[in-house]
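Common to both upcoming complexes is chain A, partnered first by chain B, then by chain C.
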Partner chain A sequence: MAQGLTLRDPTAPLPFARWLALTVAGFLAFFAVWWAAAASGLAPPQFLPSPGAVAAQFVELTHTPFVGYTLQQHLASSFGRFALGFGLAAAIGIPLGLMMGWFRALDAIVTPLFDALRFVAPIAWVPFAALWFGTGIGGPVMVIFSGAFPPCVINAYRGARFVEPRFIEAAETLGASNWRMITEVLLPSAVPSIVAGLRVSAGLGWQSLVGAELIVASSGIGYLLVRGQANISTSIVMSGMIAIGLVGFAIDIALRLVERRINRQRGR
Partner chain B sequence: MAHDERRRPVWVGVATFAVLIVAWFALTTWTSTIGPGRFPSPREAFDALRQIWVQGYADARLPVHALHSAKLVLLGFVAAVGLGVPLGLAMGWSRTCEAFANPTFLLLRPIPPLAWIPLAIVWLGLGDAAKVLVIWFAAFVPAVINSYSGVRSIEPHLVEAARTLGVSRRRMVTEVLIPGALPMIFGGLRLSLQACWTTLVAAELIGAIAGLGHVLYQASLDLFPAMIVVGMVAVAVTAALMTIALDIVERRAMPWRRA
Partner chain C sequence: MVATENPAARGAKGSPVSAIVFDHVSREFERDGTSFPALSDVSFTVQDREFVAIVGPSGCGKTTCLRMAAGLEFPTAGTVTVGSRPVTAPGPDRAVVFQQFALFPWKTVHENIDFGLRSKSLPEKARRERIAAAVAMMGLQGYESAFPHQLSGGMQQRVAIARSYVLEPDVLLMDEPFGALDAQTRVVMQEELIKLARVNPRTVLFITHAVEEAVYLADRVVVMTRRPGRIREIVDVLPVRRAERWDRFDRSEEVMDQESFVHLRTRIWRLLRGEQQPEGTVSSSTGGSAS
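Up next is the complex of A and B:
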């Protein structure tokens, strides 16, 4: 492209300074549009608070209780439910997936059931969760479990199915029992796939938690959102959304670090 | 042991479901190990299905609820795809556009679609508009991100070859970028359709006047487990039908991929 008139290649990487300027401009544009929309008075502040007002509300929620608890306490109670549901899903799903990868009969029995249940949205379990386990801890935990369980099973299963056949043959030649085959051959080879599944599953679990708490709960971050909505306080709703986003983001970062560490140890 | 592609015998699947149905009868109708307040017997579930099909439940008959929900998902989904795919293509094509638009996505992406429901209700009330807005959010971000990665996954040689041949901007978009990005776009659409459906059911559980989520809500208020089962099955069947419809569209859109 000798002539100066031809267009620059738009796919070429940008110089760093230009990239930085555009990124900063992007951030500013986002907040400027928000601020302008709020300041123009087209929407009453009750419905569209300015970014500053939301930030102030966020800070206030961290030390003044809303519907009984501060923001941290709501988050702590949500996170407890999340940890329980996610932990159960991993503790049951990963062994199940590995065993399905090894025992053909189990695979043949469980897979059709699993395929049928997959189409039921985790949120659709909310009525039964409330009916069976109440609205305190059990109900939301069941909904989180139903969101987080499938990726655990699927990824452990896939990981176990794609083990190098040579390893299996070697272990079989050496007379490994089923138990040792699963714990010492399938599990170690499936770890990267399992960890990737855990990331997906944590994301879905956290989402399902928010859904469950919006519908049935009397504490937690989802409950804060619903109460904020009932009080028509947009700034409280938005503060809650920010908190949800931050925690979800932190969970993903944490699992990503675990994933990277494991992959590095395994020399990939 | 041959550990290659194994085939699951169909009869095992059929047998599993048969055993489950027998167990269902055994636990509820024959022995009442599980009380009717916790899980319905097959008879009760069938009666509930007949009730909602013939007389209606929660103010409408089952097909009306299902069509109502499906219509909302389709509206929000199409709007999100219509805006999200072009934006994603632009972000994939131009680094300038990417750098400028990325911060907004960084800020919005971690917020799960379900968390938009209360905001949508504050803004638009309990009617259909709030639901379409929430569904739009659920589908928009994945549509953008997948079209963006779709463009980035195109072989650079193809783009260079097209450019060397001096194709117009319009043909570059319609004949190189879109076909190249389509497989990934459809992968993303499949996931986001699922997310849309989950989000809609949640939104309808929180507050609605019609729809399958509303059926579930009403059934749990009435402590009517049989109707909850009917509602859940209806949610699953509708979701499966929509996925099948998307499969058909995908096959039409990418005839060259037909195996």
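Up next is the complex of A and C:
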């Protein structure tokens, strides 16, 4: 009776070909709706440029400088600031998180304060970043830092707190100092959590970029966006948005590869 | 009847260098606001260089005893002293071998064995020599750069024992060290441990739920009962082992075939059963698998 009726498990993993076809279909649908909306004439082209116009603008930006630089140069200068802010966040956040996970007093001092401050969006720091660190490299880096810092701290902290107690007990009975406990037990056990945190951190840091570059005078992808807006060139703004999306996606893929390699190296 | 062994061990005489003394030790746990006793008034002494095993059903507090000697837990009443000093914290003078090995998975065999040594201020050369000796003793040559997950359970436990022995600790605390091993490996490890204990005697507190293992390895067996954990009796094995010359056998099954062995084993089973309700399932073999 129920013959021929196949029950599909909606949570079962898809074969690769099927997954790829569906992914491509998603993108095609997105561009189709965009194109139809633009072609319908309901919105003037300044408000909603067609996909074709944006693509042309994107290509043009890669060889014709806009506000002083090509798209690649803007991206490179943004990426430099991002790398600095993200690197600082990791360099300070990971050790801090691990120490918070080991020293209860530090945990008590920092965690509640940190939990309150981390809900302040990075962009809210922009005025202070400009006042304290200037509009050169310091201000934007601080804004990126404020976005990238919390996930570094939180994941290192959680990784340290959820170390299997038997490893801590073994290290204690073997006479490990606090320093060795943190560097040789907490850090290696927390690596998967830390790497997952770095991915979130990179994403948030890169997102904060536009906010950061609102206060930069001369270059960067956020600056390109702001100037495109000032020129009422929506196709430039959209090109910038696409570039931000693509680079963010590339950063995430790179970190995902690192994560996979580390997890594989650690065996089980 | 609670046999309190030799309280004089705490005195100046008789060199209590590394005796473990439980003096009227009780331990309570809190659960949902009510406290319930895990250990009640436990007193016994592990003499210097004596091998004492604690047997008892799950939940009788035997592991709690070991953890208190290690400094990983503390009594609610009474005192635990090791080498005439009250235990206040874990330390490398009391090496622990855990049931689940607790090797650091991100460190090689060599690095695992080296971990405790590095806490001591030893010259590089002395450390190397000691590691080499421990590696040889446990038959781990050629595995120095392997990671724990690449080794079998038996090999992992060898590493864990080497990691403890390399510190030349006064006291060795072993918490069901063979509980996670298969039956054959377990027998081999028992045979090696008893040889090791003869060549290189330490004060050993050994926790197990396997009666035969306890009788085979220990000089004395502390039999515990549960709810709350109490000492039911302390059974002397050493005089029987000496009188019957168990040491002439290489293999554990030969020892376990001896009438004297069977007699002791049966006596301990009776002690355990006397307390346990019939629900307590009893396996007749080497203690069965790890629960």
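Basically, the second predicted complex is superposed on the first by the 237 of 268 C-alpha atoms of A that agree within 3 Å, B and C clash if a C-alpha of one lies under 4 Å from a C-alpha of the other, contacts with A are read in each partner's own complex, and residues count from 1 in each chain.
Heads up, the rule we're going with is that a residue touches a chain if its C-beta (ideal position, glycine included) is under 8 Å from a C-beta of that chain, and two chains touch if they have at least 3 such contacts.
The structure presented is a predicted model; accordingly, all values stated were derived computationally and were not measured.
A.B. asks: Output check: A:Gly228 vs chain B and chain C. Expected answer is one of first, second, both, neither. What do you get?
C.D. replies: first
A.B. asks: By the touch definition at the top of the document, which applies to A:Val59: first (chain B), second (chain C), both, or neither?
C.D. replies: Touch partners of A:Val59: none, neither chain B nor chain C.
A.B. asks: So, does A:Ala29 touch the first partner chain B, the second partner chain C, both, or neither?
C.D. replies: first
A.B. asks: Now for A:Pro188: first (chain B), second (chain C), both, or neither, which partner does it touch?
C.D. replies: In the superposition, A:Pro188 contacts chain C only.
A.B. asks: Given the touch rule stated above, what does A:Ile253 touch, chain B (first), chain C (second), both, or neither?
C.D. replies: Touch partners of A:Ile253: none, neither chain B nor chain C.
A.B. asks: Now for A:Asp107: first (chain B), second (chain C), both, or neither, which partner does it touch?
C.D. replies: The answer is first: A:Asp107 touches chain B but not chain C.
A.B. asks: Quick one: name whichever of chain B and chain C touches more residues of chain A.
C.D. replies: The partner making contact with more of chain A's residues is B.
A.B. asks: Is A:Glu172 touching anything from chain B or chain C once the two structures are fitted on A? First, second, both or neither.
C.D. replies: both
A.B. asks: Considering only the contact definition stated at the top, list the common interface residues of chain A for chain B and chain C.
C.D. replies: 172
A.B. asks: Would you pull the chain B residues touching chain A in the complex into a rising list?
C.D. replies: 1, 3-4, 6, 8-9, 12-13, 16-17, 20, 37-38, 93-96, 99-104, 107, 110-119, 121-123, 156, 159, 194, 197-198, 201-202, 205-206, 213, 216-217, 219-220, 223, 225, 228, 231-232, 235-237, 239-240, 243
A.B. asks: Under the stated contact criterion, what part of chain A meets chain C in this complex?
C.D. replies: Of all residues in chain A, those touching chain C are 166-167, 169-177, 180, 184-185, 188-189, 191, 266-268.
A.B. asks: Help me check something: in the complex, which residues belonging to chain A touch chain B?
C.D. replies: Contacts found on chain A: 10-14, 18-19, 22-23, 25-27, 29-30, 47, 104-105, 107-109, 111-113, 116-117, 119-128, 130-132, 161, 163, 165, 168, 172, 206-207, 210-211, 214-215, 222, 225-226, 228-229, 232, 234, 237-238, 240-242, 244-246, 248-249, 252.
A.B. asks: Give every residue of chain C touching chain A within the complex, in rising order.
C.D. replies: It comes out as residues 70-72, 89-92, 94-96, 98, 100, 102-107, 115-116, 118-120, 147, 149-150, 163, 167.
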